[in-house]
Structure formats: structure tokens, C-alpha cells
Amino acid sequence: MSIETNLNLKKRFEKVRSDTERICAPLEIEDYGMQPTSDVSPPKWHLGHTTWFFEEFILSKVKGYKPFHSAFSFVFNSYYDTVGSRVLRSQRGDLSRPTVRQVMSYRKYVTEQCLELLSNPIDQELLDIFEIGINHEEQHQELLVYDIKYILGAQPLFPIYADMFSTQREVNTGFSQLEAGLYPIGADHLYFCYDNEMGKHKVYLQDFEIANKLVTNAEYLEFIADGGYSDFNLWLSEGLDFIRKEDIHAPLYWHLVDGEWHHYTLNGLVKINWDLPVQHVSYYEAQAFATWKGMRLPTEFEWEVASEKYNWGQLWEWTNSAYLPYPNFQKAAGALGEYNGKFMCNQIVLKGSSVATPIGHSRNTYRNFFHPSSRWLFSGIRLSK
Amino acid sequence: MSIETNLNLKKRFEKVRSDTERICAPLEIEDYGMQPTSDVSPPKWHLGHTTWFFEEFILSKVKGYKPFHSAFSFVFNSYYDTVGSRVLRSQRGDLSRPTVRQVMSYRKYVTEQCLELLSNPIDQELLDIFEIGINHEEQHQELLVYDIKYILGAQPLFPIYADMFSTQREVNTGFSQLEAGLYPIGADHLYFCYDNEMGKHKVYLQDFEIANKLVTNAEYLEFIADGGYSDFNLWLSEGLDFIRKEDIHAPLYWHLVDGEWHHYTLNGLVKINWDLPVQHVSYYEAQAFATWKGMRLPTEFEWEVASEKYNWGQLWEWTNSAYLPYPNFQKAAGALGEYNGKFMCNQIVLKGSSVATPIGHSRNTYRNFFHPSSRWLFSGIRLSK
Amino acid sequence: MSIETNLNLKKRFEKVRSDTERICAPLEIEDYGMQPTSDVSPPKWHLGHTTWFFEEFILSKVKGYKPFHSAFSFVFNSYYDTVGSRVLRSQRGDLSRPTVRQVMSYRKYVTEQCLELLSNPIDQELLDIFEIGINHEEQHQELLVYDIKYILGAQPLFPIYADMFSTQREVNTGFSQLEAGLYPIGADHLYFCYDNEMGKHKVYLQDFEIANKLVTNAEYLEFIADGGYSDFNLWLSEGLDFIRKEDIHAPLYWHLVDGEWHHYTLNGLVKINWDLPVQHVSYYEAQAFATWKGMRLPTEFEWEVASEKYNWGQLWEWTNSAYLPYPNFQKAAGALGEYNGKFMCNQIVLKGSSVATPIGHSRNTYRNFFHPSSRWLFSGIRLSK
Amino acid sequence: MSIETNLNLKKRFEKVRSDTERICAPLEIEDYGMQPTSDVSPPKWHLGHTTWFFEEFILSKVKGYKPFHSAFSFVFNSYYDTVGSRVLRSQRGDLSRPTVRQVMSYRKYVTEQCLELLSNPIDQELLDIFEIGINHEEQHQELLVYDIKYILGAQPLFPIYADMFSTQREVNTGFSQLEAGLYPIGADHLYFCYDNEMGKHKVYLQDFEIANKLVTNAEYLEFIADGGYSDFNLWLSEGLDFIRKEDIHAPLYWHLVDGEWHHYTLNGLVKINWDLPVQHVSYYEAQAFATWKGMRLPTEFEWEVASEKYNWGQLWEWTNSAYLPYPNFQKAAGALGEYNGKFMCNQIVLKGSSVATPIGHSRNTYRNFFHPSSRWLFSGIRLSK
């Protein structure tokens, strides 16, 4: 991982801690505890969990550290079996206590203890974990935005959060062409990156073309209008089961109000702007759309190789690659080894980043991953052929 | 139903409205929205629903009334199909909006409108609905206490609510004997009562004996120690399935801490006082306990006839009677007809009242009813033979 | 229970054993193992289980008895926890072995051993268990008919079984009137009866009227045509949930074929004869129909008292009584005590008998019981007011 | 696909039809209809479905063909949405009708009609579909063996099928080493193969080593004895959930009898031969075992490239490759396009073949695929590093 001065790290640590709180600022106290579906975590939980990460993996290793509260490890551990038992994921939304105020005190306490630690020279090993902790909290910032949108979007009152995290119309058109050959894939050690993207290696690609822009709402509406959701020939078998069982006929957050399509945005329920990239589609929908177009989704390797050809970064882009270990993948030792590797099954790689991705948390080697049915992330579609 | 002066009703209306808010006063904002299991409703929902009841069944009938918010009927309707669609019971806990503050404004608005209405002469019909609305809110006050206890009891931090709603040691002993004969059952029209307890009629009872006190924690511990929870001979078939599936080995809220029995109370997690009546048992457990004792639970008729023989009112007492219509039962017209009758299936009658029952909401003809697996109500056991 | 000579019992034993096999005679080998829903047991299982009953409760008590097969107790025990572990009810349909031929050998072996036993003087206690075993097998004969109809009715090919167990048009009309008063209920010891109907006792009834005939298919069609299945006001809350979840719009086995109502009968798929009593309705449907008519279902006590007034025996008749113990109910000792008592929860009493009830297994004190959602039994509706 | 003379095809057609029936010959009639879990299909269904395939895709295109039975298309369609509605997969085990005898008549009728067709010159297109139909039936022959083993293995009586389909001890040891480079992957048109393995293309591989033999029962026992099933660090997250939920502690069919490991085989319940390859493990178990060994599973590309180095064909071998389309994958037109492509999600590629694979149905380009939790197939483990 990376080498950095204490000072720079300290600044970045302070920034990540205050940014997380700023994302939550528009919320009402009541919003912080909601978990309307098990994929979503309550904002309060994100606030506590990112704090617990620094407490568990850094402060608790420091001699003389006094934990803020003995029960918080049980409450705010996510999925680290190494660390011990924890509140079930599906029951995070049952916790009214600790209160938001208590969690904010917990944040303050841990932030201050960490800052004090960072004011003095410390081991490279701890610095590396700080780096991970910062990146970890940046990841949760993005999840926070997804979860906030889902929580507020589930309210019959469709409340306004803020005019933030919106996408732009793309002006590019056409396809870029790439030639067959051996290409390097993955990251080297010059900057911070996760274990799952390391181990730079060669991959052979065939000739391919890839779109210079994302699929728009207008194009997706054509798919809907053409009966795309009911033409079984377009769908993966599991995708068809999914949309039938969940009764899905449009992207998440789309609502037909008096015959006109609206969608819930962080700025409230508004008419759809047809020129913007379609978002909140599952892999199943992305794949069916591509099939309907007579095209396909790019592999993660094609995407990475071609990434200089187009602007990316508005929405995470579904690839047609399953999330699997790179050759020579080595998972980190200890609890941090649970970060990525154990999820390498039944998930799909997404490349790029989104308008909700923190600045500096974006690179073309990044391997994001979600289950193919996920729709609440900021996802979009880029076609390939 | 009852005849009462406007003035008295107005006082009682004011009291019931402020009492509900007083019950919620010890809560944190975060507690108001929780629904850790589908039987429990968030306190915020109770606050809104009892308000909606007055708005829907009284104010909306008044010419010129302006509803507080057009979406609140959808949010706060409980189960009245007559009135229209509603938020699913299991999703009440997903509502962060309206906020507690907004719900309190809603309460204030509706309370004031009602008080103004009650300041002038009004129809007997509306007065009758006020009476029902007051009794309805009193019922929800009791449910609020159950739900608050369940919500707080589900927190790993076991927070303290207040030293309220606690039971007392009973000094009575032995059994009262009653002779066979024809006895009157049910209520007449001299005071307010629900449709399900009206239609006074005769019931023939055999000789029976009934305990002068409730079963204590100490007696129940003997049942546990004797292997009561694993002796299938003692249990109804569905009861056995229930305790096995839910892995139940003690009353709700009992926790074995370092080998010593504690239970969660509204005053926090404390050691069990063995002299107090056992509470938070299901009908299945009450029935198995009685069988283990070589006795049985009384029928609702036996209980009602014998009720003068003992002090009652600490805990609702499971009877061995299914909740069924009395002869000549007539359900009320319109939405209020959905109040009781449609639940007369697969539920068990409980008689008496509890420490959480509002004063004045208690009478020996009252027919409370819950599913046999319910444990979060303030329930206890009286033996019969 | 009853006193009877060995000889008569022996004859009845032989008859019950051969009758069971005769009921199965029209089946194909493949039909014997099917369990299309967990309420239904495979015919093969009934054949084995009724045999196991005699083996377990009689032969295994006889010195020197050699069990037919050591694993059969595990396979053919139904729900007797006293006796040991068993195949889960829901997995009875997974057993291809033992084969039908093996089960028939098992029947032959046990029948012969029992007959030998009955050829010599034996204890009254064993005779009593023989009596229960015969009644037990008679009960299973009726269940066999229900289960066979369900299994064959689930085949897309709608096979014909035989022209048996059909009902007749009733010629009676009008209502019988009964006067209020104390009436005796329950059975005495003069003939065989189950523990749940014993303990003759007095019940006070109000004036009531009860229909002289069952509700017909024609009357029930009016209810359907009038939107009965979609008028929530007519339904118990759990009934409404049930018909919505199961998407029920007509009695079980009714099929609309090219716009005309047919129903599956043991004689194949035929057009409905509108004059016959409606059958295969749940308690929920019976109750909703009665409410639609402005009437109600009789209680089990009313039915028993009035039973001389009308012809009964074509279909089991839903009452409005929950299945609960009579006063002074005593369950039998040992495994046989599990026969009735442990099911006294969340079930409804049906009175009478049906065309599928074995001759001699019918009396007006009989208390049959099923869950309110059950529809595969031969059930019908008699109105009361 | 392939070019072949009518005559040869006719012989192969006759062989595949009679082979399927020979596999079923040891069964009792009762075994034919069982479906103890939804992954398993009743043998009778396989017999009918493979027949329906020839009827639907060949005979029904022939002028004047008279279908054997109008309802059989509904009964025996598997998952071809193109063709119409069908019996739900999970309800195949509820069909007692058509009987085995009727299905055998159906087979005979269709076989004879096909043979007549093959006696005269026919279009290449129909010949190609015959080729697919034969391969299709060969695939079902292998599934039949899996399903028969599962059905019989679920019987408490552990019946013997026959001493067939058993594996051999492997004598090879050590690892083969392969060098990095570009390798060809996939099939060309010189022999029959499926659409999913076509489109020969280049893949770049790193240096790797691959075991010359499969993991044995003895080696797997070490993993169990070392606590492999309870060391969360070894498992994929979904794998851990799976073994916990299903309470899995050993391969499928392993039973601890009086402290000694046995396993159910087609030849009955026998003591485990420790020298034989371990079988009936899920991908999750294969992956955890490899991790425990400090190694990994090969990719499907490594396996294919290295396949000349070792003997394969005893068991299907889990790879670490997700089942995804090859570059330039084209699915076939019409219903046959549903054969492979729509399952390319959340499944894992297995390479090789097994003792249950029909002769001639095996090649190193074959891409078999199952969900990672599947254990009833004849699967094994080959390590890589």
C-alpha cells in the first residue's frame, strides 16, 4: 500500500471524518435509524461503524486506550468474524440506542484520540491501517448516499434531501474501437489500492468496440415501450425470476404519476430528464437492455483498457465480469483479510465511479462489486460490441 | 353506549390526549420510529394513529374541516379497509417521516379542533364516537407501554425508561370455590363498553375452584427447573412447535446473566424478584404450566363470575376461552364495525386488566384478545380446577 | 369405552382392514406415494400408519412378537412424541421405499398376528385398544378419501377414480326453531366414543333457528356472483388474508372451463350440479357466506341439540365453535393421550359426518376439528340465526 | 455442429433411447415419481422430457404427425418459455399421472416415429436437431444417475440400486507445471459441441501448477478433523452462510454410524474407502479445502490447457471460473437458444466428466455448470497453485 507523510494523512483523516458528518447533515434525527430493507444500513450505523473501524484496528492496539463504550464493538462490527459476534445485519434498523447524539460523541472521542496519535511519529503498519480506514470511510460515504436515497425514497411523503449528487448530460457519441492484443490489467504499488485490484498481470483481448457515453433515460424508455420487461428472450433466467417476483417494470425510483414518468431524486420527486444517463438498474436489466440492442456489456478488462477513450465517473458501470480473484491474489492477514476476498462469489464487477464517490477515491483499476439484483447503488449502462 | 355531558367528555378527552404524550415523554427521538417485530408498532405511529382516528371519524365529517396533511390517512390508518389503502403493518417501522415534531403538531392541531367542537352542543352520534375515540386511545396507551418495553428491551444497551408500571406481591392464598348454576355474562348499557362484551346472557357453569392469586416467578421457575419446556406431554401441539421454532426456554425478557436470572423491566435489567407474579408468558406457556400443576386455566365465564373473589388488575389473565361472538353479537355499522368482530378467529380471551391499563378502562366484562403465541403484553396466569 | 365380545370385535377388525385396502384399489401404484401439499398424506403412508398403530400399541406389548421391520416405526409414526422420532410430516411424500407391495405385506403380517391374538381370550385393556385402533383406522379411511381426491385433483390429466362418495340433493326446506333452555351435551359410556366428546354436561342455549338443509351450489354461486369474495366486510381478518394470499375465488376443485363452472370429482371433471350441497369450503368461506346471508353458523351445542330436526351425514358442517376441552376433560394416559387433547388450539369444530365417513363411525356427539383454512375435507354449510 | 450419415445417427439414436431405460431398470415403480428436493427431477419426468424434446422439436414439425397426448407438452416441458406454459419445476414430484407405463408407451411411440423418419433421407436441419436431442438425452442420463442416487439416498431404508458408476483409486501423484503464454481455448466445428464452448479464442495464462490427481477422501477427512468446517477464515462469505444454514459438516451422503464414517453409494450404505477421490462436495467446500491447503482451484482455462497432463473423467471438477459467455458467443435461434445462454449468471464452470457421463459425451472443451451450493452431482476437487 502507500507511503505518505503523517501530516498529509492527518489532514485527510480530518477531512474524511467531517465529510461523513456533512453528508448526514440534511437528515432528521428520525432518518438516522431506518433500515427499510436488509441491504440498506441506517446512517447512524455507518457513522458508528466507520468509527469502530479506527477504534478496533488502531486505537485498541495502543497501550492504555480506554474504549468509549464496552458494547459498541458488538453494535458496530459489520462482518468481521475475526473480531467477534455482532448485531445481525438485518437487525441494524432495530437499534434506537445508542442515540445519534451518543454516536456523534463516540465519533468525536475516537477522532480526537486518532488525531492525537497522528501528532506523533508512529509505525508504518499503523499508518497503513489509517490509510485503509480512510478509504474504508470513503466507501461508506458512498454507501451512505445510496442508503439515504433509499430511506427517503421509501417515505410516502418523498422528502427533499438536497440538490446534490446529480448527473450531467453527456455530449459524446459513437463507439471507440480497440484492437486485439495483450494488455496490462490491475494496479501496482505506487498509490493506495485494495488487495483485489493488485497483482498487475496481462490479459489477452479480442477486437472490440465500446460506447463513448452511457445509455440515457430516453433510450431506456424505448426498451420499456418495446415490451423489454416482458420479452423473456432478453433475460437471464435468474433475472427473469427476479423481475417477476419483485414485479419490476422500470428502474428503481421511477413512478408513473398521472400517466407521466417521474423519479425520486435526492431533490424530491421530479419529472424524468430524458437526456440524462439511466440509473438504478440491476445487472439483469443492464444485460437485458444490451441484448435488446443487439450488443453486450463490456468485460471488466475491456473497460479498464478502453477507459481513456471516454469520460467516466458519473455512474458505476455494470460489466459482464464476475467478481473473482486476479491471478496471484493474496488476501491481507488478520481481520482486514475479510475486506474483499470472501465476497468473490455470485457478484458482478462494476467499473468507474459515481457522482457519490468521494474525490480521490476513484481510479480505473478499481473493482467495485454488487449482487446482480442490486439497484439502489448509482449504477448505469455502457454498451459494447 | 354511554350518555354523558359534553363537559365531562371534554375533560376526559383532554386527559387522554395528554396522557398519551406523557407515556412517550421518557423516550429519545430515535425510539419513536422503531418496529423490531411486526406485532409492535412504533410509538410515533400510535401517536399519529390515535389522532387520525378522531380526524377520520369525527373531524372529517364536520363541514369545512381542513385535514392537517393529505397523506396522513394513508400513513396512520391501521386496519380499516372501509377507509381505504394504508401502509402495511410490517412497514410502519420504515417511516422516518413524518417526524416526531410533525406528528406532535398533527396531534396539537387535531386536539384543538376537537376541543373547539366539544365547546359547542353536538349530536349524540358524534359524542358516541368521541367516547369510542377516547377508549380507543386508552387501548393504544396500553399497547404503547408494551411496545416501548419491547423496543427498549431489544437494545443491547438495555436502557432505563422509568420506574413505572411495576407489579406488587400478592398476599392472598388458596382457592375460591364456586357452585354450579346459571350465571349472567356480559355487559349492559349502563356504562361504555365494546360491542364484543354486550348482549348480556346466561351461561351454565359446573362447580369449579379458582386461585386467589396469580402464579409467581418462583412457582414458574420450578416449572422451568423441572424441565417443563422440554416435556412435550405438557404442551399443545402448536405450542410445542412454537417454543421449538423460537427456541424459547423462559418468559420473554428473562436473561441468564452469569448464571443468575435477570429480566428486563422498564427500570432496566434487574435480578428477578421471585415473589412477584410471572409475566410475559404466552397462552401456550400458561396452558403448559397449568397442565404441569395438574390444573387448568379458567374459562372466560368462570373468571367473570368469580371475579369478586380476588383482587385482579395487575396482569391480563389468559383464559381457556377462544375469542368468539356472544349470542346475538351485533357489530357496529361502518368502519367502526371492524373494531372487534373481524378478529374473532384463532385468538384467546384474556380477562382483567394490567398495571399498564389506563384508570377507568377496566371492568370485569372486558374481553381482551391476543394470539396464543403473544408474549409482549402484560400477561399472567391464574389457575383453576 | 365399550364392552364387546372378542368375536364381534374380530369381525369388525377384519372388515376395517379390508375396507382400507378396498378404498385404495382403484389407484395406480404411482398414486400411493404422492404428497402434493403437507396436509395430505400419501395413501401408502395411511396404509402403513394404521398398521403401525396396531403393531405399536398392541402387538409390541405381546411377549415374543417379532416386528415386521425395525425401521417401520420411524417411517409410520404420525405425531406420537411418546413413541419416538419419526419422518417429518412434510417429507412423507419423499418415501418411495418401502414399496406398496412391501406395505401390503406389512399389513398382511400385522393383520394375521392380530387375528391370532383375537382368537384367544385377552385382557380388556387390549380389547379397548383394539377398539381404538379400529376407530383410528376408520378415521384414516375418511382422510384417505380426502387425500386421494386431492392427489388426483392435482393431476393435469384429471383422472377418474370411481363413481363413489357422491352427495344427494336434499328435499327439506325452511328452518327449525328451538327454545332457550338447559340441554345435555356430550357422550356417555354406552358406546365407543373419543375422550374429547365425553363428560356429559349441561349447556344453556338461547332461542335459535337452524336450517333444515345444507347450502347448495346454486346459493353459493349467488354469493360469488354478488362479489362475495371481494367484499372485505363479510370476512374475518385472517380469512381475508387467506383468500388474498392463496388467490381464492371459489370452492376448492371448481374450475372455469370455457366460461362454464366445472368441478373435479372422484368421477372426473364434470359440470357442477347446482342442486347439490356446496362442498370443499373453508370455515372462512362458510362464515363469510353466512354473514352475506345475514345469518351465522350454529355453535357445536346448537347443532348437537337440534340434530334430530334434520337429516345430516352428507358433509361435515362447520360450526362457529372453537375446538376446546369440555368441562372435566381427561386425556387418556400414555401415547393415546396425544390423540385429541393436544390439538385443542386454533381449530374449529365440525359436526355430523360425510359420505366418506365409514358406516358406524357416525354419531351426533362426534367432534371433528380442522384448521379454519382447510378445504380438502368433505365440508359444507348449514345456516343458523 | 456435426455432419453425419443418417445411418450412424439412427444407431446412436436407438442406443441413447435404450440406455436411458436401462439406467432406470433397477428402480421400483414408486421411485420414478419422487422429487425430494426441487433440484432433483423424478426419473419419470426425465423419461418423458427427453421424449418430449424429440416430439416438440422434430416430430411436431413433420406434416401429419399426431401427438401422443395433448397434455404432455405441458407436463414435460422443462424451461423453454418459447414453447409455452409448463408444470412448475418444484411440482414435478406431484405428478402420479401419467403413470410409468404410460410414459414408457409415450417413449415407444416417439422412438418408433423418429426411427421411421430416420429411415428416409431428411434435411440437414432436422439431423442437426437429432444430434442435439441425442446429446440432450445423454445429459439427462447423467442427471438421472444423480437424481436416482439422491432419491434412494433419502430413504431411511438405504436401498441398493446396483454396483455401477463407482470410481477408482488414482495412482498419479505430484503436480504438473505449465508455462505462461497464449493458449487456444474452446471448440471448433469438427465434432458436436454446445454453443457455450464454441468460438475458439486465445487466453493468456500465467505460470501455474496443477495436481495430477484428485483430492482423496483421506485428505478431505484431515480437513474435517482439523476443524475445516468451523474455521470461518477458509470460507467464502456465502459458503459460510450456506453450511451454517444447512448444518453441513461433511460431504453429501456421508453418515457417521456408531462413530464410523459411512457413505451412501448406489450399492448401499458402506464404509468409506479412504483412497478414492472425495465426491459430492459443493464449490464452497472445494474452495475452502483448497484455501486450507494453501492452494486454489484452477481456472477453467488452466484446466483445459493442462488437461493432457493427467487422467480425468472420474468426477466433474470445480474450477474457479464463473460461467460466462466466451467472446463472440452466439446463442442458437429459437427455443434451442434457451439451452445454455440464459443460465450464465451465478454459476460455476466444472470441467471434465464423471463415471456417470455417457461414453462419447466427454471432451476437454466441455463447460458444465452448477450453482456453487450444488452437491448432488458427481463432483470432485483438483488443486492448483
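By written order: A, B, C and D. Residues from 1 in each chain.
Assume contacts are C-beta pairs under 8 Å (C-beta built on N, C-alpha and C of every residue); 3 or more make two chains touch, one makes a residue touch a chain.
These figures come from a predicted structure and were not determined experimentally.
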Quiz item: Which chain has its C-alpha centre farthest away from the C-alpha centre of subunit B?
Solution: D
Quiz item: So what's the Cα centroid distance for subunit C and subunit D, whole Å?
Solution: 45
Exercise. Can you check how far apart subunit A and subunit D are, centre to centre, with Cα atoms defining each centre and the answer in Å?
Key: 37
Quiz prompt | Between subunit C and subunit A, distance of the C-alpha-averaged centres to the nearest whole Å | solution = 58
Quiz prompt | Of all residues in subunit D, the ones touching two or more other chains | solution = none
Practice problem: Using the contact rule from the top, write out all pairs of chains that touch. | Solution: A-B, A-D, B-C, C-D
Quiz item: Once bound in the complex, which stretches of subunit A touch subunit B?
Solution: 28-36, 44, 71, 74-75, 87, 91, 93-100, 151-152, 154-157, 159
Quiz prompt | Complex interface listing, subunit A residues touching subunit D | solution = 79, 81-82, 182, 201-204, 206, 232-233, 235-240, 283-284, 296, 320-322, 324-325, 327-328, 337, 342-346, 372
